[in-house]
Structure formats: structure tokens, C-alpha cells
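Before anything else, here is the set of structures, which you'll find just below.
Across the two complexes that follow, chain A remains constant while its partner is chain B and subsequently chain C.
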Partner chain A sequence: MFATIARLMVKRIFTAIPILFVVSALLFCILRILPVDPAAMSLPPNATVQEVEAMRREMGLDRPLYDQYSIWLGKLLHGDIGRSIHFRQDVTSLIGSTLPATIELAVIAMVVATVFGLAGGLLLFYVRGTRAEAVMDFASILLLSLPEFLWSLFLLLIFGVFFEVLPFTGRLSPGFERPVVTGFLLLDSLITGKFSSFFNALEHMILPCLALGIALSPSLMRVLRSSLMDAYQDDYIHQARLRGLSEARILIRHALKNAILPTLSLMGVQFGFLFGGTLLVEIIYSYPGMGNLMVDAIRNADLPIIQGAGLTYCVAVLVISIIVDSLYLILNPKLRAR
Partner chain B sequence: MRPIPLWLKSGRVQTGLVILFVLSCVAIFAPYLAPNDPNEQNLLSILTPPLWSAGADPMFPLGTDSLGRCILSRLIFGTRVALTVAFSAAIGAMVIGAILAHIAGYFGGWVDWLIGRVVEIWLSFPPVILSLILMVGLGTGLRNVVLAIILVDWTRFCRVLRSEVIVLRRRDYVAAAQLVGFSHWRTITREILPGTLPLLITLMSLEMGVAVIVEAVLSFVGMSVGSETPAWGQMIADARQNIYEAPFNLIAPIFAIFIAVFGFNILGDGLRRTLDTRLTQTERT
Partner chain C sequence: MTFELDRRNLLQMLGLAAVSGSVLSQASFAFAEGTDNVTIGWPSDVPTWDPNVRFVPDAQPLFKMVFDQPLDQSPDLKLIPNLITKWELKPDGLSLPFEIRSDVKFHNGDPMTMEDFKYTFVDRVKSGLKLDIANSWRTLTDIEILSRTSGVMKFSAPTPTAPQWLAFLGSYLVPKKYIEAVGAEEFGKKPVGTGPYKLVDYQMNSRIVLERNDDYFGAKPKIKRVTIDIIKDPSARTAAIQSGQVDLTVNIPVREAERLGKTDGLVAEINPFTRLILLQMRNDMGFADKAVRLAAHHAIDKAALSKAFYGGAAVPLSIPATPGTPGYIDDYKFSYDPALAKKLLADAGYTAEKPATFKLAATNGQFPSDFDIARALIQMWQKVGLKVELEQIEYSKYFELNRGGKLPEATLYSFDNATGDPEIFSGYLMNPKMPFGAWKGQEIGDKILQLFVEPVYEKRIAGYKALAKEIVDTGANIPILQSVQTLVRKKNLSYVKYGNAWVLGSTMSWT
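Moving on to the complex of A and B:
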């Protein structure tokens, strides 16, 4: 089994390389047609025309576009995405310090989405054919109409402003120690035994993760419901009933095991969206992750960061899809046989 | 008189259409409905509360924002941007996505391979990130917002429609049309397109909802229309700064976005149920 999974992963990594190559070229081109001059921006406003010209030469901006791209790509392969024009810092270190926060947010949000999605899907299936179904079905469309963007604001208003029970800015309240080992705050505070920091950080994560998770769950619910419906058409359900198994056991041990697969592959796609969705949630909750870095960079027309962060988002999506595909293989014995 | 078509009898479709009709009327007649100029700043009365709370100014039924601009008027004028983007972006994305999907699904082979790879590259970008980057490249403005959404979302149509075209291409009547000597163009438009049309319409309705959200997101981060055009996302960004003083300023645009998206979604869901020939009769009702 591991050989099959390893083969799949190698194959997927090889197809991901050309994709990343094209993506990097696209990113480069889109941002080079921008009507801003990176050379002029990285100099003080009183720089002379000669100084700007010299800077342009130094940055390679006087060469043809494909030349510029190959230089950029060459540096990229050595892990050098350039220096931020605005923050005057290496882009790699800027991304390195914000990416763990975003990953932490995305992973916990995904857990929330899975819990809500599974519970909701089972509930939707359980009430099938009753009057409650129409109500719940309608409710799931209502929920589908609220993206994470609106959920974040909504939860912030209710729990942050009206009831004032949960914090809604940043990762940690002032006065709490911020241990740095891996960059993953929850993990670091546990490792170093700073439990008060851990619980405070966890409190800060509740609203953003709920917003992302709840926004994602309705589509999972609906897919799980319909694949459960399909599974119940199959003979093994009848056979299980004839064997006298309880309905709950049939649902959990027999139908769910088969129905979970389409839900899982949808989750793979959704996790990619969720990773992008963190951007908005981060801005709304002033959460210091890559989304905030990206938007700051956009406001300052800081090209190196936009390119670097854009590329990092793509790598993240590709990595997630490879992991989900491998998981799919582990959970689906039918695919493993070949 | 012709009988009412089945899809119009669906309560969901009716709900969706009513919501969209009301919103369209608000957008078209915005100058007559709005009590104030949406861009007029009244720095003497900033952040006034809505009519039902103490200290309200009857001039501004829903209160004012941090620059003293009338919330209700901005809400009404914001409908224009939202609906313009929804309709034009959805149509644009549909046209590009549908054409490529029909070409890929019908001809197969290397064309299919090529289009499939392009879609794959597109999907490796989270949509929010791609649209933001495109807006950076294109610059702000209504036309560019529409363009950015089209360039991001055509893949939604392409992916789903392509597999539908592949199913339809194998049908006997398509083979018959080819045997009779129909051109490829005629086979696609006369034999395959009628089969994909229900899905196309459904997807388009859902895409309009997506476009409303994306526009709100872009204007929230200040990368959509210019500040002189009122948009719901801008209102949210402004209200976010004064969340304790004027929480209602935040609720109003959220509610507007929600209503618009809900209208498109319920319409799409209703159309899917009534137009999809593969659903059984019981699932439709």
C-alpha cells in the first residue's frame, strides 16, 4: 500500500512542477504590466533621474521581460524572492514569519468545518422524508449564502462587540508571553509550558476558525447527504439489515464508510479555497498571517512580496491536494488494488 | 395561452426572481429612491444612529458613516455596482467557460488536454488571491473588477460543463447528426447545447452570487471600484473602523450582500431542481 501511495505522490509532485513554473511566469507577467516603477519606489522621493536610472539598471529593469524572468526564477530556485520595497526585509523571512500563523488558522478551521460538515450531513440525512428536511434544506441554502467574509464580521459583532466574550484582534492579548520555537504559536506555547499563552491564543482563534469552518460546512453537508442517499440504494445495506444490525450501526459502520469518499475529495478542493479565504478573515481579525502581509503589500505596491506570497499560496494549494489524494487512496481500497 | 413552464412554478425560483426584481428596481431607480447624495459628506453629523435609536437625525434614516455620508443612500447606490458586476461578470465567465468546455468535451484529444491543464493551473490559485493579484495588475475600476472576476471564475463553468458535454457527445442523436453531415458547429449548437443549457443557466445564477461576494471582498480591501462609487464592501471597511460606536453601519451592508447572494442562490437551486432532467420527480418537489 505504501508503495502505491509513494508512487502517486511522486507522480503528483512531478505534475506540480510544471504548474508552478507556469504560475510563476503568470505572476511575474501580471505584476510587470503594473504601472508602477519598482526602482523609483525603492529610492527616496528626492532621488535624481540619474539615480533612478542607475537603480533600474541595477535591478535589471532595463532588460527584456524574459531576461528579467529568468533572473527572477534563478534567484527563486535559490530561495531568494527578493527584498520587500516597503518593509526593507527579505521576502523569504517575512513569509517565513507569517506562514505558520496562516497554516495554524487554516488547519483548525478545517477541523471545525469537518466536524460541522459531518454532523450536519448526518443530521440532514437522518431527517430525510420528514417535514424537518425541507426546513433544514432551506437552512443549508441560507448558510451557503454567507461566505466566510460575512461570517467573520457577523461573529465579530455578536461575540466580540455585543457580548464581549471573545477577543477579536491579533493572536495574543497584550501582556502574554510569546514563545518562538517553530512559529506555530499554539504548539510553541505548549512545548515551552506557557499554558496561559496557549489558552489566550486559543481564545483568539475561536472566532476566525468558526467563521471559516461554518462557511465551508454547508457544501460538505450537502455532498455527504447525497452520497449517503446513494449508498443506501446499494445491496449491502439490505444485507446488513437482514443480518439484523441496528440502523445506527448500518449508518456509521457501513454506509458512512462508503459515503465519506466524495465528501473527502470535495474537502480537498475546499481546503484550497479555505486557504485563500484565510486572507479575508485575517484582515477582519487583524490576525498577523500571510493574508495581512499580502494586503499590506498590495496597498504599498510591494511587488516582491505579492509575487512571493502569491506563489506560496499556490504551493500550499498543491501540497494540500497531494495530501488529500494520498488520503483518498488510503481510505479507498478499490483504488489500491491496481 | 401557453401553460406556465414547470420551472416558474417552483417556490424557490419565484423567491429568487422576486428578490432580484426588487434589487434591480432599487439599482435602476437609485437616484429617485435615495434620500441623499451618497457621496455628500456631512462632517457635522458623523456616525449618527439609525432612526429608531435616540439621537437620530431624520435626514439620515439609517444613520451616517465616519464621513457623515448617508448609509441608506450608499446602500441603495451600492446595489448598482453589485448587480452590474453580478450580471456582466457571470455572463462573461459563462461565455468563456462554456465555449472552452464545449470545445474540450466535443473534440477531446490534445485540445481537451490543453484546456484541462489550463484549468488545473487556474485552480492552483485560491480565487481570492488570484482576483487580488489581477486587480493589482489591472488597476481599480468597475470594468477591471468585471474582467478580473471573469478571468478567475470561467473555470467554474469549464470544469462542470466539460464533463456534461462528454456525456452528451456519446448519445446516439449526436452520432446521428454527425452521420447526416452536420458541421461540428451545428452539432454543438443544435444537438449538444440544448442538453447543457439547464446546467449552464443554473451555474450562471450561482456565479452571480459568487460575483457579488467577490466584488464586496475586493472593495473591502480597497481594490475594486474607486472611492467615488459607493460599494457595499467599502461600507463594511468603513464600518469596521467604528465598530463600537456604530455597529449598525456594519449590519446594513452585510444584510444587503446576504440578501443579494441568497436571491441568486435560491434561484439557482430552484432552477437546478426543475431543469435537471436526471433528478427524479420526488426530488423536485
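Moving on to the complex of A and C:
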């Protein structure tokens, strides 16, 4: 099995290279076509038109697009994504310092989405054919129709302002020590033994993770429900019933095992969306992740950061799809046999 | 011995974890509160902690808590001594002798010297570092050191606003010895200044924690620890002050500020400050005719805009300067007169069948109610027979569109000037050689260039006042309102209000 997974991973990594190349070219061209002037944005308000022109030449913006791209790609291959126009720091270091917070947020949000999605999917399936089905259906559609940022505001008002039980700014409350080892705050606070910081960081993650997770869960619920319905049409379910297995055992041990596969694929796709969804959620909860950085970059026409962050999102989506495909192989013996 | 994780064990462990986590975290919550601490909800972060690098108006109050400027401003925006105790711009505007304090120490204990001045304003700029202050001090050729505490700034051309710039964007004194030892990059992460607070913790886009500098040369801050939560979303800032997670916040929607002002324990203020809301105008296309520009101006009911969008607190403006600043003209008023607007258009030959048409560009969210103001302007113009199309632009596109001559006839714009000096209002806004100057008429441009090198203060101010009138009378610019800063704070937290909207932890105290 491991050899099969290793073969798949190598194959997917090779496929990822041209994808990254195309994405980088698209990203570069689209950003250059936009009517923004990074040279003017990089200079103070009292800069003259001549100084802006000089800066434009220095940034290579007066050269043909293919020239600009080849220079950028050459540097990229040497690990140099560029220097931020606004922050005047290396983009690599800016992304490196903000990415762990976003990964931490996205992973926990995905856990929330998975728990809600699977539990909700099972419940939806369980109430099929009853009067509760319509209510559950309505509830899932309602959940589906609200985007992450609305959930963010809603949860913030309920738990942050009305009940005042959960914090909603930043990663830690004032007064807590912030250990820095890997950049993953939960992990770092455990490594350094700062348990009060760990629990406080967890408290800060509840609302943003719920906002992201709840928004993603309805699609998982609905896909799982329909997969389960398909699975229940198969002969092995009837066989299991004939063998006298309980309905709960049939559902969990037999039907769910098969029905989970399409849900898993969807989770892979959703994780990519979830990364994108962190942009507004991070702004609302003052969460210092890459989404927050990206919003700053867009506001300031900071093209090097937008390009770097765009590529990072692309790499993240590719990595996730490789992981999901590997899980597919682990869970589905038929695929391994091919 | 074996340990089996059964359901009961698991539940016990989870319960214990939840209780201990909650207790531990509550214990530290208690630490964060108290009269020695204040938490401010601020809408933006510093781009870097090197204060010479970028000009970001909203970051200035943050820099001012960690660093000092050579000169300071009083709450009514007058220049006052700070690190520099005496200064005098020579009549030719080519040199500025000055004296500095001898009792100032950087946060690392190093004494401040004349070498630090020279390093900040001359050496750093000449070393080729990409610093925004290089632009503001482009005429500064040298700082001649005369003694341990005195020197002379020397300029290649008359620089009449040198004293103003010593208290303006980016002009913060940085430590030569420390930067040379650790490098500029490291200094941008772990800054050392002379300011009333030391930076003790910083997480980009999230939190700044400052602790009082007990060796500060000036008045000692009453608050020992200032925490600044960077909360970019106005709704989240509103929620943070309402729930008590911060003690003071700014720039929340006017309606929210008014609502919170009625809440027990909170005070809301809507403070006008040195930021203009105006229309940057072109002198061609649909605005080639002066009558159309003036008609557009007479048609705007500025008081109604202020009432509708800023609770009536934004002062209607007739010239591009704010009340109380040197270039403001108290007795000059441009009338709101829709009848006159109609007459001007009719006299110029425009009718209902052949209306004057133009486009208006506006940002959406760059400053409070910007797009709403633009929509209201369209309606006001429609009433006098002007046919106007609204176009939404991003702020970052403004410069590119202006450079390529692609801005429409009018653009709704917001312009900040903490010094209040007219050079930075009319001079910068109307100079065709600057990136935001949309008006390309050389007549006004030439007058500005003359005023840029006019060293006599009174003459310079009089010149800008006359220019401001000319700008408005010719329809080269339409000033609309003085912008406002909303501020909500706990009732027992006091602070000093500045005319340029600085909010400084060093001026705060609990009562």
C-alpha cells in the first residue's frame, strides 16, 4: 500500500510543477494588467512624477511583460519571491511569519467542519422519510446560504458582545506570554509548557474556527446524506440486514465506510476554499494570518505579496489534494488494485 | 501498570482540562486589567517599526509612543520643542540652526547625540536605503555639528516647511549606534527609540504591547502598560468597545458611535481633524468650461452631507484647509446656491436637452461614507441639471489613472495633513508635478512652485490664502468637508484630544 501511495505522490508532485508554472504566469499577467501603480504606491505622497517614473524603471515596470515575468521567475526559482512594497521586508519572511497562524486556523476549522458535516450528514440520513427531514433540510440550506464573514459577525455579536463569554480579537488576551518556536501558537505553548497561553489561544480560536467550519459543514452534510442513500441501494446492505446486524452497525461499519469517499473528495476541495475564506474572517477577528496580510497587500497594491501569497495558496491546495488522494487510496482498496 | 482510556476517563480528563484552562486563562485576564493598563482598539498596524521607512498617517500615533520627533505639536497643532529645544529657519530658508536636549536616552540606555540626528536625516538617506523621509528631506545636504548639543541643517534650496517636517510623517530620531550594530532589518523588528514607551511585544496585524519608559525625559506617562489591538474591521472595533475588550477605539461608523455614546460607562466623540474631503478636478473634458465646475460646486449642500453622514460634526469647507490651521480663511464662504448653479449652466448654453455631463470617481470604504457621499453628490447635481455618471475606483488605482490621464473629471478624495500647513494642503493637492495633482493648469502650478521656495512665513501663508481662493473661484478644486474621527472610550478614561486626531497612550489616565 505504501509503495502505491509513494508512486501516486511522486506522480502528483510532477503534475504539480506545470500547474504551478501556469498559475504563476496567470497570476503575474493578471496583476500586471490591473490599473494599479505599484511605483507610486511605494513612494510617499510628496514624491514628484519624475521620482515615480524613476521608481517604475527601477522596479522594471517599464519593460515588456515577458521580460518582467522571466526576471521574476528566475528569482523565484532561487527562492526569492521579492520584497514587499509596503512593508519593505522580504515576502518570504512575511509569509513565513503569517502562514502558521492561517494553517492552524484552517486545520481546526476543517476539524469543526468535519465534525459538524459528518454528524449533520448522519442525522439528515437518519431522519429521512420523517417529518423532521424537512426541518433538517431547511436548516442545512440556511447554513449553506450564509457566508463565513456573516457567521463571523453573528458569532462575534452573540458570544463576544451579548454573552461576553469568548474573546474575539487576536490570538491571545493581553497579559499572556506568546511563545515563539514554530509559529504554531498552540504547539509552541505546549512545547514551552505555557498551558495558560495554550488554553487562552484555544479560546481565541473558537469563534473564527466555528465561523469557518459552520459555513463549510452543510455541503459535507448533504453530500454524505446522498452518498449514504446511494450506498443503501447496494446489495451488501441487504446482505448485512439478512445477517442480522443492527441498523447502527450497518450504518457506521458498512455504509459510512463507502459513503465517506465522495465526502472526503469534497473536503479536499473545501479545504482550498477554506484557505480563501480566512481572508475576511482573519480581518474580523484580528487574526494575524496570511489572509490579513493579503488584504493589506491588496489595499496597497503590493504586487510581490499578492503574487507570493497567491502561489502559497496554490501550493497549499496542491498539497491538500495529494493528501486527499492518498487517503482515498488508503480507504478504497479497489483503487490500490488498479 | 496499564492505563485504559475508557469513556469515563476521557470525560474526566476533558472536564479537568476545561476547568484548568478556564481558571488559568481567567487568572491572566485579571492581569490584563487595572488602572495601570489600557487597551486601545486601533484600525491599522505599522508597516514596519523603522519609523523613517513609510509615511502612513494612521501609524503616526503608534510611532509617537515609541519614538520622538525633533519637534512636537501641541494639541492645537502649534510647533513646540521636543528633542530640539531651539530652532530658527534663516531668512533665506537655506539653513536651520538648532539645539538639542542633552538628557535624552534611547531605550537601550545609549545617550542621544547630534550624531544620531545626522545619521537619521542625512546618512541613512544618502546610504541608498529606501526611506520615505528621503523625499521629505531631499533638499537637506548636511547637518553641520557645531557642539555636543548644537548643529545646523543645510539645504540646497529654500525649504520653508523644514520646521513643520521636523514634526511630520517619518521624521523620528533613530539610534545610529544600535542600527549599525544590529542592521536596519533587525531594527525594524526590535525597535529602540527615545519615546515614552518601549515596545515589549509585537505581533503583526494583531497586537502591540508597550511598557512605560521610566527614563523618559519628558512628562512620565500615567499608564504603565499600553496594549494596542489592531482591529481592522469597524464592526469588530464596535463590538470590542461595547463588550469591554478594549478601553478606547476610533473610526467606527458615526451611527454606532452615537448609539454607544448613550450606553452606560461609555463616552462617544465625533472630532473634526486635519483631513479634507474634497473633489480633485480636471481642467479638461467635461470640466473644460469653468461655468460647469462652478455650477457643480454651487449645487453641493455640504451641511446636508455633514448631517447625513457625519452627525453634523464634519465642518463644511469653502477652501482646501481646515479651521484653525494657518491657511484657513475665516471670512471666505463659497455659497450653496442651486439657483445660481442653474443660471451658470443656462448662461453657458446648457439645457435639459443638452445637459453638461461628466463622470465622478469615488472609492468605496477608503474613508467613512465615501461612496454614499458620491451618490448624494450625483443626486444634488441632477437637481441643477448636471448629468453625472458614477464610477467606483480603488484608492491604489488613483495614481495609475492620474498618471495615464484616465481619471474622470472629478474624483472624491480624502487628504490628510497632521501639520495643518497650507503647503501640504493646497501645495501638494494642486501641484501638477505631484502624483495626486489632477489639475494640470500650469498657472496655478507655477504659483505653487514659487510658494514652495518662499522662506518668509507670513508671505508664504498669505500667498497660500490667495491661492486657495483662486483655486476655489476658478473651480480648480471643490473642498467639501473636514473629515471626522469617531472615538469611543470608557467614561473614566481620559486622554488629550489633538487637532490632527493623534490618540496617544502617553496622555491617557484613569480617573
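The rule we apply is simple: the second predicted complex is superposed on the first by the 312 of 338 C-alpha atoms of A that agree within 3 Å, B and C clash if a C-alpha of one lies under 4 Å from a C-alpha of the other, contacts with A are read in each partner's own complex, and residues count from 1 in each chain.
Assume a residue touches a chain if its C-beta (ideal position, glycine included) is under 8 Å from a C-beta of that chain, and two chains touch if they have at least 3 such contacts.
Source: prediction; values computed, not measured.
Of the two partner chains placed by the overlay, only chain B lies in contact with A:G276; chain C stays clear of it. Of the two partner chains placed by the overlay, neither chain B nor chain C lies in contact with A:V135.
Of the two partner chains placed by superposition, only chain C is touched by A:Q89; chain B is not.
When the two complexes are overlaid on their common chain A, residue A:F154 makes contact with chain B while staying clear of chain C. By the touch criterion defined above, A:V317 reaches chain B but does not reach chain C.
In the superposition on chain A, A:L73 contacts neither chain B nor chain C. After overlaying the two complexes on the shared chain, residue contacts for A:L65 are found with neither chain B nor chain C.
Using the contact criterion defined above for the overlaid structures, shared-chain residue A:N292 touches chain C, although it does not reach chain B.
Of the two partner chains, chain C is the only one that A:E203 touches; chain B does not reach it. Counted by residues of chain A touched, the larger count belongs to C, out of chain B and chain C. Looking at chain A, you'll find residues 34-35, 153, 156-157, 160-161, 283-284, 295, 299, 301 touch chain B in one structure and chain C in the other. Residues of chain A that touch chain B in their complex: 19-20, 22-23, 26-27, 30-31, 33-35, 141-142, 144-147, 149-150, 153-154, 156-157, 160-162, 269, 272-273, 275-277, 279-280, 283-284, 294-295, 298-299, 301, 306, 310, 313-314, 317-318, 321. On chain B, the positions that touch chain A within their shared complex are 120-121, 123-129, 132-134, 136-137, 139, 209, 213, 216-217, 220-223, 236, 240, 243-244, 247, 250-251, 254, 257-258, 261-262, 265-266, 269. Residues 34-37, 40-52, 86-89, 94, 97-98, 153, 156-157, 160-161, 164, 167-176, 178, 195-196, 198-200, 202-203, 283-288, 292-293, 295-296, 299-301 of chain A touch chain C in their complex. Chain contact summary for the complex, chain C toward chain A: residues 17, 20-22, 24-25, 27-29, 31-32, 37, 39, 41, 45, 47-48, 50, 53-55, 130, 132, 135-136, 169-170, 185, 188, 201, 203-207, 209, 227, 229-233, 235-236, 239-240, 242-246, 394-397, 399-401, 403-404, 406, 428, 433-436.
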